[in-house]
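Labels run A, B, C and D following the written order; every chain starts at residue 1.
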C-alpha cells in the first residue's frame, strides 16, 4: 500500500433519503441520494405519493365536468391547466371563442404566470437559506394577484374559471382598475426585489455555475419552460406555436446561456417583467361583447384526437384528448412538464454537494400534483 | 466565483430589509378584524330554494362528484314533480359551482359563509330544510349578479395602503 | 407556428429509405410497425432536414382489440412536429421497443406507460413501476381493469 | 487554616473591588445568581427581539397574542417545550444522547463569568480573561458532536460534522482578531480592556471587529453560516432527534451563545459599559442588544453559504486579513507610545478598505463540482 493509498481515508458512500416529508421537496417527493460525505454520487427520484389517477377519472367525467379536476394538476397555476384542457377540446370540436373571452384568457394566464413565478422565486431563495424573507415578500405580492382571481371566480386555489368555448363569467367592473394598480405595484416590487438579491454575493456564490444543464441535455430530455430557456433553448410556445391571440401582443422571450441556477432565477424574473408588459397591453385594448361561445352543457365531439398545448409557467403543458363521439373523453393524457423536467435532475446534481442538491432541485420548480397526476 | 462587488450587494440587500422594518405589516388579525370576501365566493355549502326548484335534476347530472341526491314524486294534477328529498353530501362536494351554473331555474346558490366546519362526518350530509337560505347561511353572488350587488365590496389588498408607496 | 408535418410526405421519404416498415400514414400521423420503430426514430432524429431532437411525450390508448402507443416528436430547429404511432395486438404481454436509448426524455414517460397501461418496453434501462408500488395488481388505465 | 482561606490567599485575582461588602464567598454567590438571571432574561429578550424583529422585517407582525405585544410568548414556548414528551431514538447511544445538551450548555454559561457589567462588576476578574473565553468557547462543539453522533441519524451526523469542521477553522481567525485589541489595550483582562478604550476599539480596529463578528457568527452557526441546523437541507442538523427538555437546552445554548458573542463584542470593541448619561450596566445591555439585532438583521436577509465556501472564507479570507491586521497594529503600538489616537483610526480604516479590495479581487470562494 503506497503512502498515498494509506493517506486516503477508506470512506464508503451511504444512502440518504430526502424523504417524502422534507422541508424543501416542494410536496410529497422522495430522492434516494447516495452520498460520499457531502458529495452526491447518485440520485434516484421516487414519485407516486400523490398519484390520484386523474387520467382514469377523466374517462368517467363529461367534457365540462373534467375542468374542475384540471385545477388539481399543477395546483400552483390552475388557470393554465384549465386553459390547456379547453384548448385541446376546442381544437377537437372547432369552437370559435369570442374576442373578449380570448382577452380574458390571456389576462388570466399571464396573471397566473406572475403568481407561479412569485412562488418559484420565493421558494428558490428559501432553499438557499434566506430565512423566509424573500418568500414573504413574493407571497405578499402573490396575495394581490390571488385577490383578483377570487374577485372573478370566487375561489383562491381551484379557480375552475375557463369553460370550453370561452370563460365562465365576465369580470366585474371593479376588476380592471384594480388590475392596473396591481400591474404598477408589481413593477415597483420587482425593482425592489432585484436590489435585495441581484448582486447578493452569497446568492451569486451559491447559485452561479451550480447545477449546469447544457443545451443538448435540455433538448434531449425534452425539458421545457424557464429551465430550458435558461440553458439557451429559445422555445416559448407563445411564440413558437402561438395559440389563442398571443400573436397580437409584442413581448420578447428571455433566454440565458450557461443554464445554471442563477440563470434560471434570472429567466423567471425577466419573464415576470414580460408578463407585466403583456398585461398592460391586454388591459388597454380589451373589447366588449360576450365572453363564452354558445356551447351546450353536454358536448359530443366527433370521433378523433387532438393535442392542445400551451406555455404554462413551468413549461409546455399539453392535453392529448381522444374522443369516440360520446359525452366523456375516451382517453385524456396530460403531458407532465414537471415529471419531464425531473428527468435531467440526476445528471445536473452528480458531483455537487448536499446544499447544492437542494438548491438545484428548488431551481427546477416542480409541483407534485403535475408529476404524479 | 469571485467575491466581486466587495460586499456591496449584501449591504444593498440589507438596506431593503431594514426599510421593511418601518413599513406597515400586511397582516390582518383574523378573529378581531374581518376581511370582506369576494362577492362571488364559492363557500363550502349549497343554498337551495324550495319554491324555484322543479326537480329537473340537471344539477345532479352535472355534478362531477355525484354529491347531489334528489328524490321526486310525480304530481298528476298540475303535472309537476314534487321534490321529496334534496340532499347534498358536502363531504363529496368540491365547490366547483357547475351545478349552480347548470340550474335552468336559478334555484341553487353557492354558500357565502366560510366558517361552517362540522365536527361529525354525517353532519356534512345536509338535506331539505337545512339547505334553505337563512341569516347564518347567506347565498353568494356566484352566477347571480343581482345577489352580488347587495353583498359588501370585497376588500382588496391592493387598495389597503399597507406599505408606503415608494 | 409549429408546422405539423403531414404523414403522407414523411411516409414517402421513409418508404424509400426503409421499405416495408410503415403500416399506414394518416393526415398528420405515421403508423409504424413496432419492430422497425427504433430504426425510424434514429433516422428521424439524425437527418438534418427533419432533425426531430425534442421528444415531446409518449402515451398509450387501449382500443380493446389493440394498444396504440402514440409518440409526438418536435424539432426545436425547424419548429415542426410529427406524431408516430405503433400498435401491439397482443393483450397480455404487449411489447414495444424502447426509445429511451434515442431520447433520454423518454425514460420516465415509458416507465409511466408501462406502470399504468402495462406495455413492456424492451431495452429500457430500468423498467419499473413509476407511480404505483410494485405489488399493485394489474394496470389501472386499461379499459378492462376492474375497480 | 480552613480550606476557603487557602483558596482566598493565593488566588491570582487582584483584590475584589473595594466597595463590594462581604468577602469572596458572598461575592461569588451574588454574582452567580446575577449571571444565571442575566443569561435567562437576556435569552428571553433575545428570542423576543428575533421573532418580532424578523416578523416586522418580513412585513408581518410576529407574536402578539400571548401577553401585551406578545411578551409572554417566550415563556409560553418554554413551558410548552418543557412539557413535551422526551423522545429518544431506540438505536441512539443513550448516555451520549442524554449528556450532549449539558456538555453544550456548561461552556456557554462559563463565558458570562468574565464579562464585566460595570467597572469591576464581574464574577472573576481574571487577568487572562480573553484566553479563558477563547478556550471555553470551543468546548460547545464537543457537545454538538456528541448530539450528532448520539442520535444515530444521518442528518444529525452531517450537521455535527459540519459544525466540527466550521468551529475548528474559525477558531484561529477568532483568536487572532482579538489579539489586535490586546496589543492596543496592553492587558488581557476584560475589565482592563474596557478601561483602555478611550476611543472605542471598533474605530481603532475596524478589520478586527469585522473578522471577529464573522468568525463569531460562524462559530455559533448564526446568520449566513447556519449550516449546522440548515433546516432546508439537513432538516434540523444535530438537534433533529431532540425533543422536550433537551431540545429546550439546545435552543437555550443557541441564543445564550449569540448573547455571549455579542456581549464579548461590546466589551472588546464597543467600549463595554462606558457611556455618558445612563447607568453603566444599562449601556452594556443596550450595546449587546444592538449587536444581537445586527445578527438578526443578517439572518433575515442573507442566504446560507455552502460548507466548502465556509471553509474557504475562513482559511483564505479571514486568516490572512487577521494576520496583516495584527502586523499593522503591532507596528502602530511600537511607533507611538499611546496607540489609542485618531491618526491610528484613520490609518486602520484605510487599511481595511484596501485589504478588502485586494482580497476580494483574487479570492475564489470554494470549488465547484467534483468529478464523480
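Here is the rule we go by: a contact is a pair of C-beta atoms (placed from the backbone, for glycine too) under 8 Å apart; a residue touches a chain by one contact, two chains touch by 3 or more.
Computed from a predicted model, the values in this text were never measured in an experiment.
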{"item": "Intersection of contact partners for chain A and chain C", "value": "none"}
{"item": "Separation of chain C from chain B in steps, with touching chains one step apart", "value": "2"}
{"item": "Interface with more contacting C-beta pairs, comparing A-D to B-D", "value": "A-D"}
{"item": "Chain located farthest away, centre of chain D as origin (C-alpha)", "value": "C"}
{"item": "CA centroid of chain A to CA centroid of chain D, Å", "value": "44"}
{"item": "Gap in Å, rounded to a whole number, between the CA centres of chain D and chain B", "value": "52"}
{"item": "Centre-to-centre distance between chain B and chain A (centres being mean Cα positions), rounded to whole Å", "value": "26"}
{"item": "Chain centre separation (chain C, chain D; CA means) in Å", "value": "63"}
{"item": "Per-residue multi-chain contacts in chain B, two or more chains", "value": "1, 3-4, 7, 10, 13, 16-17, 20, 26"}
{"item": "Junction residues of chain A - those touching two or more other chains", "value": "133, 137, 140, 196, 200, 202, 205, 209"}
{"item": "Multi-partner residues of chain C (each touching 2 or more other chains)", "value": "none"}
{"item": "Pairs of chains in contact (touch as defined earlier), listed by label", "value": "A-B, A-C, A-D, B-D"}
{"item": "Chain A-touching residues of chain D, taken from the complex the two chains share", "value": "54, 57-60, 154-155, 158, 224, 226-227, 230-235, 299-309, 365-366, 368-372"}
{"item": "Residues of chain A touching chain D in the complex", "value": "14, 16, 22-24, 36, 38-41, 125-133, 136-137, 140, 196, 200, 202-203, 205-206, 209-210, 350-356, 358"}
{"item": "Partner chain A, residues of chain B touching it in the complex", "value": "1, 3-5, 7-10, 12-13, 15-17, 20, 26, 37-42, 58, 62-64, 94-98, 101-102, 110, 140, 142-143, 148, 153-154, 156-159, 165-166"}
{"item": "Of all residues in chain C, those that touch chain A in their complex", "value": "1-2, 53-57, 59, 61-62, 70, 72, 76, 79, 83, 103-109, 112, 116, 129-133, 140-141"}
{"item": "Interfacial residue positions of chain A with respect to chain B in the complex", "value": "61-62, 64-69, 133, 137, 140, 143-144, 147-148, 150-155, 158, 160, 168-169, 172, 174, 178, 181-182, 185, 188, 192, 195-202, 204-205, 208-209, 297"}
